[in-house]
Amino acid sequence: MNMVEKILARASGRKAVTPGEVVVANVDCLLLHDLSGYLTAKVFEEQVKRPMRYPERVVMIFDHHFSPPNEEQAVLLQQNRGFARRHGIHLFDCGNGNTHHVGVQNGFIRPGTVVVGSDSHTPIHGTLGCFATGLGNDSHAGTVMPFGKAWFRVPEAIQVRLTGRHKPGVTPRDVVQWLIGTIGEGGAIYKALEFTGPYIHELGVWDRWLFPMITVDVGAKCGYIEPDEKTIAFVRSLTDRPFDPVTGDRDSTYEAVWDWEISDLEPQVTCPPTVGYVKPIGAAAGAPIQWAELGGHGGGRIEDIRMAAQILRNRKVAPEVKFNLVPSSRAVFTQAIREGLVELLHEAGATWFPASTGSNQAINMGAMAADETMISTHARNFPGRNGSPEAKMYLASALTVAASAVKGCVADPREFLS
Amino acid sequence: MGKAFAEKVLARAAGLSDVRPGEIVDVYPDLYMSHMASWRCIRTLEKMGTDKLYDPERIAMVMDHISPARIAKTADDQRLCREFAVRKGINKFYDVEAGIAHVVLMEAGHIRPGMVVIGTDSHSTIYGALGALGTGVGFSEITAAWVTGKLWMKVPESIKVIIEGPLARGTSSKDVMLKLIGDLTADGATYCSVEFHGSYVERLSISDRMTLCNLAMELGAKNAFVRPDEITRSYLGERGVPPGQYTEIHPDPDPVYVKSVTIDGRSLVPQIACPHTVDNVKPIDQVAGTKVNQVFVGSCANAKYEDLVEAARILKGRKIAPGVRLLVSPASKEIVARTVKDGTYSILLEAGALITNPGCSACAGDGGVMADGEVTLSTANRNFQGRMGSYNAEIYLGSPAVAAATAVRGVITDPREFL
Amino acid sequence: MTEKIGGRLIKFGDNVNTDVIIPGRYLVSIDPQELAKHAFEPMGTEVQKRLWSSQVVVGGKNFGCGSAREQAASCLIGCGIKAVVAKSFSRVFFRNCINTGLPAVECSEAAEAALDGGELWIDLEQGMVEVQGESFSFASYPESLKQILEAGGLIPYLAKYVLPQQEALKRHTPELSRR
Amino acid sequence: MEIRGRCWKFGDNIPTDKIVRTDMIFKPWSEILKHVLESCNPEFPAKVKPGDIVVAGKHFGQSSGRAIAAKAMKQTKVGCIIAESFARTFYRNGFEIGMPLLECPGITAQVSDGDILRVEIESGKIVNEKTGGEFEAKPTPPFLLDMLKAGGLIAMADRLAGEG
């Protein structure tokens, strides 16, 4: 059995499971954010009407808001706070960071566990050797909250083996975007993607993190990286709670093995209007932008902020561009201050925003007029997510975003790296 | 009999040798500030069918009330302003990242002693902190000024406010003003020019003078004034404006004041303006212990560098109370830079504050909105019903020190407990 | 401006502020009809209904204190209000009334005498307010303000009188504060 | 379970954002329904009738995992959705709220807007009455058919909990 099969078997009290089977498994952690949390809470209290079985496993994080912009949203947050208090679940209010970063940094995510959440990027936690996937409100309200369980169809696994070394100016984010373009939107529906190979194993945990993040956009159920010493040390540094890591058997079977060598990759840009529209930088460079942003579920890491600083040291943001920086968590924000990056980037003309998901769904920021364009480290670029449906969003690495902010158009970061 | 500041400055700007209180004169302001309302001015201009500006040099635009945009319509309005500024050569254009208009224009050296400044914001009285006459107008008037260069003004009568210092421990310019507004009521200075004098004012920082002049609006004042001095000159000097570039206007030694009021700062205690009017002021012991859901350190009244430092002094090494949100919105980009550099920013962040980008933020309803039954302690200048969300929510106003102390305890708290 | 203006009145107290007259959340709009729907919303729908069927707003002291938002005047126009009478006005609100073409009359006695739901008529030319069978005088507007009101507000006034002679105007500009 | 209705055809990779616009999430159904799938077909919200059948291309309902997109489709009262394939959270959410879904690779080439389709959910048999064409959808797992019969996940939650 592979890692996911072993975790699902253990969590459902079976010796073995096989792909295609439906199992009911114990859930170790449920991550909710402010929007989905509200919808889930309503179903739970209005339709399910049962006690919360394991409140300590449920975490709600306010990250789409950093501050309610109108009364409707204020009421939503107020009701979420009330829900959290009534049922004794964990609550992280606005300003603590985006749901996945806060979940990890507070030790809720441990190897070998089952993690679910209503954010579609929940598979990101496969980075730490979890079986992690996004479910809908009714699963959370109907079975996770009252019973600590959920049903799963055991997925077929595909192994994605990456080898090689990325060139200077190319980052793991570029590799990830290239993968989405190559596998294609919906190119791996229902599958479990195991990311492996020397390229993956050499990466630090926060860089590995970008790989399972993309699984939803290629349609997969989950993605994961088998835990190794780096994973264990990382999780140990965040929590004292015990955990029992799982790795796949030697004779694990995969529906397919996709082998890629990534050494030749150029920086990649995801172009409007969908996440599958990925091009090498040369094909997109020159498109004018008015907005640039580091932030979102995959961005705003300390690594991203460092990359932006690398580009912006002794340079300025182009006058026609607004470059917005959204740290992924309060801890990352304070770290960036300590490293002098907040000052450096502010002086270069960027603007800092509270730790959150930033422009994701444009609740506090990120609305654009028709024909305005943003380049960001966000995970999605569908039209209508950021103000006018005629606004455009490019997705790229922090290096490329920062280079574009300097140049006023989509730009190749290698121009700025000596 | 001599002339008060307002009479002298308006005579100068009207091109007349002598004006008297009550007289209506055509004034040519030196600067016309418009913020979020700028797009309306541009649309009105289009409607008037003219494209000629009297003097683009006198136009200042700051995109402060909603920054950045949350809906496409706002993004579109802001783009209209941006493009208009480029097309018309308006070089005093400050975009969504700059901060609150008043503070930004003062920091940039655009406000100088002896100027007459009109703005689409009632708190334009704040410009008195640099010895200028600042007053609020509607967007039609700004549009008219863009085109004709002038507007009608009634020459105000003047009120003298004498503040004696030094202030008692734990109090600040905010407490002085709340006390004054409580005593004189919300229309205590309607149509009047309020001049601040006295030993406390003479050695006062520009930041505190800004708080005084800003809050004079809540007395109904047309404008406010602090006599320019060495502190003014050095503030301007640091911003690249040498004394040769402005002409100070001082009141004569013996002007006619319709009213003279003295406040003794030496016996002051922290003051709180209770819901829903700014003149519903009580000494802090009468409201201490009131539970709050949110604390807001922001607005043109009290989100300046000195205000954030004051809050950080109390928050250093402490955490905000569980269940309380602390929202901090620095007034300008420059303030962000200074607080990051000296560690104030980190102190606030580590205490649990949520620090937004610079701008009007919750004071203009841009975030920090409350649901029914919630309570905010705010350092802003207004606590009107519905200003921060629900009509059934409450806003208390106090100084940055009160705000910090309140955030730590979760209930309205006298900052002297922490000093 | 020879005809009397007025009709049914709705009376408010002292220090009515602009956040009550038109809450900040509605300022995205500048359409008087749209704004009218939200005028005085914090005071509840009963008050709003009476406002919409009135022609005169009567206020106490310091009416319209608060923001410089011009919509505080234009929303009343959208409600069908013909004039505002108060004991005293906040100055920006007063300006905004004149500039949007809404007569604002400062007349303490008339505001005192007015009864909620009664009638009030104003003769702007004579500077008289009639209410509860009594007449009260008020200081009539200076000529320049009369012209603005007559034109229907500042912008129409400019279009009619000022813009045509723009060039002539420029020659009379006084010395500016040095910059 | 047989459904007969008019066909509305849509393309590939339609995200949840296009089914329910993000700024509509917390609006009442009456408001949301005015905009369902409008950016793909502006006529759909006004003209969709109970019992109509939506046919979509690959990866229908991708992007966000929130059930609101599936719930909105159910609120339009369409009889069922047939797609070349579904995004997995949409598929899951559909059955959990009692909305029948069928996966039928190749279907979009065989039907047009306005065709009358007859669909049998259990067997997966699809008939295009206009062309006479007959197609076989992929079989639906019995577990999900049970859920559909029970009226959705919450109705069968107790039974599920007993299994784990």
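So that you can tell them apart, the chains are marked A, B, C and D in the order they are listed, and the count of residues begins at 1 in each.
Everything below uses one rule, namely that contacts are C-beta pairs under 8 Å (C-beta built on N, C-alpha and C of every residue); 3 or more make two chains touch, one makes a residue touch a chain.
It should be emphasised that the depicted structure is a prediction, and the values quoted were computed from it without experimental measurement.
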item	value
Between chain C and chain D, centroid-to-centroid distance (C-alpha), Å	57
Distance from chain C to chain B - Cα centre to Cα centre, in angstrom	26
Distance between the centres, which are taken as Cα means, of chain D and chain A, whole angstrom	27
Multi-chain contact residues (two or more partners), chain A	70-71, 362
For chain D, residues that touch 2 or more chains besides their own	23
Where chain B touches two or more other chains, by residue	71, 74, 365
Contact graph of the chains (line, ring, star, complete, other)	line
Inter-chain touch pairs (all)	A-B, A-D, B-C
Residue ranges of chain B touching chain C (in the complex, touch as defined)	12-16, 24, 28, 30, 36-37, 40, 43-44, 47-50, 52, 54, 57, 73-74, 112, 114-116, 119-122, 124, 135-141, 143-144, 147-149, 152, 154, 185-187, 190-191, 220, 222, 245-247, 277, 279, 364-365, 382, 384-387, 391
Residues of chain C that touch chain B when the two form their complex	14-15, 17-20, 23-25, 27-28, 30, 41-42, 61-62, 65-70, 73, 88-92, 95-96, 99-100, 142, 144-145, 153-155, 158-159, 162-163, 166, 169-170, 172-179
Complex contact set, residues of chain D against chain A	12-13, 15, 17-18, 21-23, 25-26, 39, 58-59, 62-68, 70, 85-89, 92-93, 96-97, 141, 143, 152-154, 157, 160-161, 163-164
Complex contact set, residues of chain B against chain A	68-72, 74-76, 78-79, 95-97, 325, 327, 333, 336-337, 340-341, 345-346, 349-350, 352-358, 361-362, 365-372, 374, 389-390
Contacting residues of chain A [partner chain D, same complex]	12-13, 22-26, 35-36, 38-39, 43, 47-48, 72, 76, 118-120, 122, 134-139, 141-143, 146-147, 149, 151, 153, 185-186, 189-190, 216-217, 219-221, 274, 276, 361-362, 380, 382-385, 389
